[in-house]
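Next come two complexes built around subunit A: one with subunit B, the other with subunit C.
Showing the complex of A and B:
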């Protein structure tokens, strides 16, 4: 059961991931993405579950099997990173070592994630992107079978995001992980994942490769952008409206009749069908 | 010259009480902070009761309970040969109950302010509950632990009502400084009372100063 703004909602999903796959989970907030990830990790117990990983049963409510979090071969990256404030970067990684583990992996990960200069710093002195890299490295120390990422990049700016996507891809490939990542960003899904699940109100709405899933509404001959009008200028008999969207300024042509509806500062939608842009006011 | 026994007895009582409470409060607070027990509020209210209850009320009930005339006291005396009325052991038990909120409240609020993901992260890294508490949770609430220890120690030193009810005033057994002051005043030895009072005054002030210094440091140190 999910506790959402609309009351209780059943979380009812079933899916399989191939070994080595990169699965993205996409959906609005409150649809059960994080709960799903926590159930996989064993942090949340559900009423009826069956989770099997490489022929090993992790959860089976019928036979009352519930493998503890500690015994699941997982790496979990939390949304708030959850770095231990009392330990340095290096100690955070070393904490994840088990009794007879080779300590080599810690220095290897520090190098791979380019944390050499930060290894003796405490987490509270790091930037968001740096914390993220430490959290990612720490989750890999145990060489888990499955890496679970709960919106790891949502708090970062675009530049940092792109860089960290590369880090994630790098470790996913190097350590032959099976990765499950929650994300809100469609470009991120295309860049990283082989498979995507869209969750809606606790159910799987769509599932498949990113291009299969997003082909209909998101990518078509039509594009849509939202932005803000920054200027309206007259040029001969037509008007040119400048719309600021993302980091771009788009110029759209409008007739005198059309511009009556537009004001500077208004939020607008710019859509194009077959090279014929349409511009309309957002309510 | 004042008798030094009450000072020594007070220090011993405060030290033992603080130690017992620290060992008790850590598991208790951990349970209160993380469990979903339905009647948690009731337990928290009971723990905080000594904050508002007149010490003489608590002392009175303990006196009744400990008395060998009654079931609980008789049980202790028959099976464990333990007498809690007018003994040092009785004082320790009374102090533990009376100072409970002073240890529990800071530790509990420290735990509640700690993000739960820290504990979960430790679990996902394969660490047991015990090693998580020892290596992650306790080090990250160190200021709260220190506040709890200092406040408990100071509060035990300052006890009067409960001690008087349960312990009476037996030299070298239950006559602590606060009782000694009262008795010196009763017998008009103002000079001695003054020395005892001065020592407690300076002590209490230093303790509070230490707590505030720790708390100010915490604000700058964490996050």
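Showing the complex of A and C:
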């Protein structure tokens, strides 16, 4: 059961992830995304569950099987960094090791995540992006089968976000992880994931590849982008709508009639036919 | 944007591009799209679609059979004209619906457009988008 603003709501989902797949979970707040991840991690016990990972049962409510967090081969990264403040970067990684683990992985990850110059720093001296890089490295020190990411990049600015996406992709591929990531960013889903699930009120609303799920043809136009209205200015008898999209501000002309439905901050789709844009090589 | 409802009457596809004819208000519209019935399921004869085109792409002609390449030709009467300094918005009665055209005020004056004038609204094939009605 999910506790939501609308009262209790059952979380009722069933899905399969292939080994090595990158699954994105998308949906509004309070639809059960984090709960789902916590159940996978064994942090939350659901009433009725069956979770099987590579023929190993992690959860089965009927047979009273519930593997503890420690016994699940998972790595977890949350939105907040949750590093040990009194340990250096390197020590934070080493702390995640268990008795018989090969310590080689720590230096390998420090190199892979480009943390060499930071390895002796304490978390308080790191930027948000650096902390999250450490948290990612720490999550895979034990070479988990599954990496669970709960909006790990949402507190970062765009530039840092793009960089961290590259790191996530790099470790996902290098360590052949099966990754489940909660995110609110559609471009991020397209960049990282093979499969996406849209959760709505505790149920799976849609499931498929990012293009199957998000590129449903609402309009035949092929020159499309989504953004947010940042200003509406009257010019002569028309209106100029400024839309912020990705890192760009674009302008679109609209009529007086159209702007009745527009307001600042509104998410919009901007579309043009593929025949119109001019394309030029940047020198 | 101008939006009209219509039904697909024919589709001609070649190498990923389709020329789609849509009937609305007893007029056949032509649209060209980078899709085929294989890539977009709504591309089938009879399917209900919205015909979408921008006000600024609607050309006004006082000549009813101009010898020009534009395929979409709509017989309209001017319902109203809103004149601005540089641009003017012409509201046109087309069958049961109203479509809007934004042209320069210079063009509006050159054509001596007046309310109730019968005019032809012209839209290039590659300016018409389609959106399936589901």
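FYI, the second predicted complex is superposed on the first by the 217 of 283 C-alpha atoms of A that agree within 3 Å, B and C clash if a C-alpha of one lies under 4 Å from a C-alpha of the other, contacts with A are read in each partner's own complex, and residues count from 1 in each chain.
Going forward, contacts are C-beta pairs under 8 Å (C-beta built on N, C-alpha and C of every residue); 3 or more make two chains touch, one makes a residue touch a chain.
Model, not experiment: these values are computed from the prediction.
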Which superposed partner A:253 touches (first subunit B, second subunit C, both, neither): second
First, second, both or neither for A:76, with subunit B first and subunit C second: first
Partner chain(s) touched by A:100 [first = subunit B, second = subunit C, both, neither]: neither
Subunit B versus subunit C as contact partner of A:14, first or second or both or neither: neither
Touched partner set for A:233, first subunit B, second subunit C, both or neither: neither
Which of subunit B and subunit C A:62 touches, first, second, both or neither: neither
Touch list for subunit A against partner subunit C, complex: 217-222, 236-238, 253, 255-258, 271, 273-276
Residue numbers on subunit B that touch subunit A, as the complex places them: 115, 117-118, 120-128, 135-136, 139-140, 222-223
Residues of subunit A that touch subunit B when the two form their complex: 41, 43, 68-72, 74-76, 78, 80, 82-86, 95-96, 98, 124, 138-139, 141-142
In the complex, subunit C residues that touch subunit A: 1, 31-35, 40, 42, 52, 54-56, 82-89, 100, 102, 126-127, 129-132
